[in-house]
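Both of the next two complexes hold chain A, though its partner changes from chain B to chain C.
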Partner chain A sequence: MKTLMGVTLALVPLAGWAASTEYQDIERGRYISVLGDCAACHTVNDDQPFAGGVPLETPFGTLVAPNITPDATTGLGRWDYEDFKAAMTEGVGKGGYHLYPAMPYPSYTLMNEEDIHDLWSFLQTVTPVENAIEANQLPFPFSIRSVMMGWNWLNFDERSFEPDPEQSDEINRGAYLVEGLGHCGTCHTPRNFMGGAGGDKFAGATIEGWYAPDITPNAHVGIGGWSEDELVEYLQTGGNRYGFASGPMADEVHHSSQHWTEDDLYAVARYLLSGAGLESSDWDHAPPEPLPEDNPQVTAGSHIYFDRCSGCHTPNGGGEEGIFPQLASNPLVNGDNTTSLIRVVLAGSRPVATDAKPTAPAMPSFAWNLNDEEIASVLTFVRNSWGNAAPAVSAGEVADMREELRGD
Partner chain B sequence: MATKLPPTDAVVVGLGWAGAIIANQLVDAGLKVVGVERGPWRDTAKDFNIASVTDELRYAQRQELMLRTAQNTITLRNNPTQTALPMRKWGSFHPGNGTGGAGNHWAGITFRFQPEEFRLKSHLEERYGADSIPDELSLQDWGTDWEEMEPHYDAFEKIAGTSGRAGQLASGRQEGGNPFEGTRSSDYPTPPLKQPYSPTLFAETAREMGYQPFPVPSSLVSETYTNPLGVTMGPCTFCGFCTNYGCANYSKASAITTVLPTLIRKENFEARTHCEVLKVTTDSDGRRATGIVYVDSAGRRWEQPAEIVIIAAFTFENVRLMLTSNIGEAYDPATRRGTTGRNYAYQTANNVQLFFDDKNFNPYIGAGAVGMGIDEFNNDNFDHSGLGFFGGGSTRVTPIGATPINARPTPPGTPRWGSNWKRATVDNYASTMSIGCEASNYSSPNNYLSLDPTYRDRLGRPLLRITFDFTQNDLRMAQYVTEKTAEIARRMNPRQIVANPRTGPWDGRPYQSSHVVGGFVMGADPSNSSVNKHLQVWGVPNLFVVGASAFPQNPGYNPTGTVGALAFKAADGIVNHYLRNPGEMIST
Partner chain C sequence: MKEKDDDAAPGGLTRRQLLGSSAALLVGASGAAKGLTFQGTPEWKPFDNVAVEPVDTDTAWQFFTDEEAATVEAIVERLIPADDLSMSGKEAGCAVFIDRQLAGAYGGYERLYMHGPFQDGTPEQGDQSALTPKQRYRLGLGALNDHCRNEHGAVFAELSEEQRDQLLAQLEQEEIQLDDIDTQLFFELVLTNTMEGFFADPIYGGNRDMVSWKMLGFPGARYDYRNYVERHNEDLGFEPVSIGGRPDWQTQG
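Right after this comes the complex of A and B.
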């Protein structure tokens, strides 16, 4: 606060009106930081915002998000606006070193000048915190930052956002948020072997032991069956009748999307549900046929389901809105990637709590009283009942996740 | 000795129903509130996992959710000629511990007291004559009335999502609801639970006999419910592990399932758990509470100064804290002077067992508060002229779930072990039901709470001593209502009935009820009450003591609905009256 006032007062002698303009820029910048979810990686402790230190587990090793407070020795205190802009849009830090793309500059490169400027204005007002961070904890050869030159050549386009004149302003705003600031694809688009955007855009990917689900308009495995209201409800309150944000998405809702304006959330919903920006051939595939009821896993799973699951999720998979997710016609249940499904049955899960939905109802852990085969069966039953259809889950997949969770 | 902490606007002792409700109301009014709780932070997700919560040995036999008697217990005796001994394993009642308090393992039955209850003494004198109340009773009015209480009952039911069917609305009598209840400003937030077989059979018979059965009001919600604080509950599944257990399904209302999830998010609230309050501190003339002293789990002592002090622990600890802090004058049964510890009362629990040959009640289906009841023989709903007693009971069938260790219904004469006992268990498990009659317990000058002269807790403080026995009034009442219950049982035509009216003396070993009330009662007269109708301590205006400790006597109903209503009432008194004239007794 002190710093904020200092900045404001310093400008007053230059021009009387500048004070209010500057204040508005900073407040806009604060909101930009929320849209970009900077805190997710750069804030460990809410008492020391943006002081860095969140470790990011990548397939290549651990990166730690740096201190971006204006501290002169350990933060961005010696940076100027051009340094900041280069980091955001080119992935190059002050002095020319390469950032790792865990910092989503491949998305932020789409940001417009005004947003980058206001974000910079805001970051200069936060309280400087002396907190030295060793960002690069990768093993050789990934620890050599110049490796990223080659990576960028293959995986990164420096470009600015071009609105699609065929689309409404609202959809274009949604595109700007989804593709740029919101950097949804960082988690929801499959990565190639280098960690660059690889497979079908928004088709879902594994991240930090969770499945970031398919967010294409596919009605079976994506969010095509959701209404705009349901998607906005999820982003704004942390849950809807299909489920509650858990794992990394819980952090996203906590730090970011619950604070977005309703207009921005609806812009995102409209953009994602419209399929603009996607080739329909990439997502518009027919759902598979469900496994038959006499499939041994389905039969065994049905008994486990009625004993263990139906009390909350109800016998017909309808759930109880607001507390127990609906499993029928639930895209996460139908998805090819079973990482999150297996994980929540084994380990349980506590979703995000928001002011709008403070309950945060938990999924209990069944690791201790259902074995791998039983969990595979019950998930196979759930994935092939009440209109759901998806490949069987194998006991081996469950065993692998059990092993992975043990290592956590 | 104690390290002094920065002052706060209000400190609330105990984060069960009463404390959580008051803290939330004060926080919403803008006060900075510190909540202090002697037990752990409890949470459905962490503590009540669906896959492990149905553990009878852990929760019912070993009493995991209850206060550890090594931490704090009571001593008990039947009369002043005896020497009290400590209760080393909870028997007659089950005090709770941790956030949510006894409200985690309660049954969920959520009655409102009837309008006459709040002016019981006046009512009985008006109906039966000025000298009709026997000397052995010390009945009194509450200093409040139905009109003042009703909005607070309504507020509590909306927090808890209480399920039931209204009997009396402003629009008139409602078919199928309790005809004896006071007029409600709104219906129950959720409809009645579905009824298992035994309550259904009971209700059919009761109806044939001309009684008016109704679903027992229950804070186990019957459908998904989001309360005014935004917290969501899920429908009860009749799992049968309810009373003595925490609810894994978010169905049973408690502070942890209805208030604390939102309260703990609020910036001006702070909870300190595993912190046991030693005393309320006062200024030199005792007319102002200055704060509390508590000890944390590491044994460090802290003084928390506060502008307003609210004591909202269980009945026993409310009264003990007042006695150890020298608040009010300790009650002396010899002189009948003093108010702290006065008018301790309990509940008179009776039941009739019915053994059938041709029925299957599926008794494992159950919930703490699912069932059907009648109130024709409760309180003053029937003419007591010439009966020789006052009071009565709520007659009902509430199958709580017949669990494997405890539920072994066998007729009298069955061996206590061996193959014949096993055979009798097999023969009777599914075909036995019980009709309970949870009856009133009227206060008496001989029943009171005081500090034990011998036994101390681990911190060196005297234990609370209960001096209690059933009065002749209550024993006669128990015989009468149990016989009325047995009439219904006989009409249901079982092979055998066993009537168990409560008989004296009070025995602290078998579980009867956790409905311990009084000891710091509310009223309009400081000579026979400790708090006014706003739960504000006479003579110490910034100290409020809230809970069943304020009941002047106990009607034939479960107390929690009224505890919740009194919490809202106290909060209303603080926010809308006290804060306008802080440091003064509320005069309205």
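Right after this comes the complex of A and C.
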């Protein structure tokens, strides 16, 4: 009887809310905030969501994501919907100041009105937190916000999402998520000298000392060899047989994509793997020939691999499903950009732990045991074995990374 | 025949009393314990490791005086003589290994409880001496050379191989009583440390070029043998590898 009462009492308010469209808008808005991964930059402490404070290192200096709770003095408490919409789609804050495009308004500009509206409805329900943030910590002249007027003129078009009538609804949904809310290109598309999106869309780029890999359908360096299931598995659980999300992607999976609906994840996978949105000439390059086995670095690297790596990654590079990534035929290994490869061997890595895969198996650090030349050799061997083919890694690259990481 | 109470536990307690009191003990213990609860994933730090600094074999003696070092080298050279199987303990760096160990935490037995009362104890209780390894070497090497000067008119290192072998045998058999230190305590420590130096990883200063591992066919500091565990009685062709690597790690040419 007691239990029954409890259930009834609990149901009454829920039923009342469910009838309210406002409640539905807010809940939709909560999901929009997950799709847009607002928390990645605006949440430092999970107890104070959206109170801002995540520092973003850009090539131009440090920006700190502001407080977007409804606090009147330090958050968005005095903003109205039109102010919010202008920030999301035009990169202009209340009163007309220019946002820096570390805030991905060049992507969010594609959001439809309903999504922006619901997101705003949700943000107004967040607990206000008093947390003053000085967002702009850039050096002169980048510290002058009006600089962004010129930047926007060169790098930004305010536009709305246009579905491609040639493509299925699912692919169009994927395009909306990838190009807009999910703002994948913010990290995965190389920046031009101004920090705007350059050519080579989705061809991979260095971000915060990590390599955001190529996500084109190229099978050798991109994700073209992955099945839709494998791509969804990566985004939903934080890893698949090729690797585990680390660095900034670990944050993305933790805050965002592990919570996406399966339909949305498959839409993203189908869109990315179809190459819709890209010209095939941009990504359809033939892979290089692997370096020969008698290359001195490959030979030395084969011994180091056998002695130090094969215990986990297995002698034939096959790895162990669910714990040790396979290195054979692995696009993450083949990329021209070796930032992440050198980094994980030097410093080790603890990838994301997700609800689906809570273990987060860590790669140990080898900085103490392998010198720069040895790390260069073993990576060169891995990049040219078992179906992989990629340029050699030099000891100098390893030395630079060692210094950069140690200097943190 | 005396009637036996099935419920009696040693000391006259019934089983129920015993269970009851252990339960109370557990409750009390858990109440007082300072437990740590871990949630989520354990802490992880970049560059985290349990690195060992490789011994620099080229520097001067860290603990031994020159005379002590010469004596230890003259001992390890005879405990492990050069033969068809390997170089000598001296060439393999056993004296360097012992010197660096004595200069470090081992020399003061830093990980052992080294406070009184010191009593002889039973053989099963093992080493009960108040002397640290540093003290044992200092006293033992000094006493050995005193003995050699008195009996042979020269320090140990100046004696012939035959003389040294005979002296070591006498030490082992306790036919010599050293001043200031128990002969057996000293000899066994030197013998043990010499073997450790010969077989330990080369980064600790001994086992030069992995000589003992090559002699035995020991594959060295490797991690996982799942692919080989079912392969018996065949040469797997493993080159021994030290924690610090092996020559094949270097690019050739």
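The rule is simple: the second predicted complex is superposed on the first by the 389 of 408 C-alpha atoms of A that agree within 3 Å, B and C clash if a C-alpha of one lies under 4 Å from a C-alpha of the other, contacts with A are read in each partner's own complex, and residues count from 1 in each chain.
Everything below uses one rule, namely that a residue touches a chain if its C-beta (ideal position, glycine included) is under 8 Å from a C-beta of that chain, and two chains touch if they have at least 3 such contacts.
Because the structure is predicted, anything quoted here is derived from the model rather than measured.
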- Clash or fit: chain B and chain C on chain A? clash
- Message: Contacts for A:227 in the overlay, against chain B (first) and chain C (second): which applies, first, second, both or neither?
- Response: neither
- chain B or chain C: which reaches more residues on chain A? C
- Touching A:312, do we find chain B (first), chain C (second), both, or neither? both
- A:322 contacts which: chain B (first), chain C (second), both, neither? first
- Task: Could you look at A:353 and tell me whether it touches chain B, chain C, both or neither (first, second, both, neither)?
- Result: both
- So, does A:160 touch the first partner chain B, the second partner chain C, both, or neither? neither
- Message: Touch test for A:362: chain B only (first), chain C only (second), both, or neither?
- Response: both
- Query: After lining up the shared chain so the two structures overlap, which partner does A:405 touch, if you call chain B first and chain C second: first, second, both or neither?
  - Reply: second
- Task: Could you say whether A:296 touches chain B, chain C, both of them, or neither, answering first, second, both or neither?
- Result: second
- Query: chain C clashes with which stretch of chain B: 333-341, 351-359, 495-503 or 549-557?
  - Reply: 333-341
- Note on the structure: The intersection of the chain A residues contacting chain B with those contacting chain C is 308, 311-312, 348, 350, 353, 358-360, 362, 364-365, 368-369
- Note: in the complex, chain A contacts chain C through residues 296-297, 299-300, 303-304, 307-308, 310-312, 314-315, 346-350, 353, 358-360, 362, 364-365, 367-370, 373-374, 377, 405-406
- Can you list the chain B residues touching chain A in their complex? 44-46, 49-52, 224, 226, 229-235, 237, 239, 248-250, 261-262, 265
- Item | chain A-facing residues of chain C, complex | 40-41, 44, 46-49, 51, 222-224, 227, 239, 241, 243-246, 248-253
- chain B-facing residues of chain A, complex: 308, 311-312, 320-324, 348, 350, 353, 355-362, 364-366, 368-369
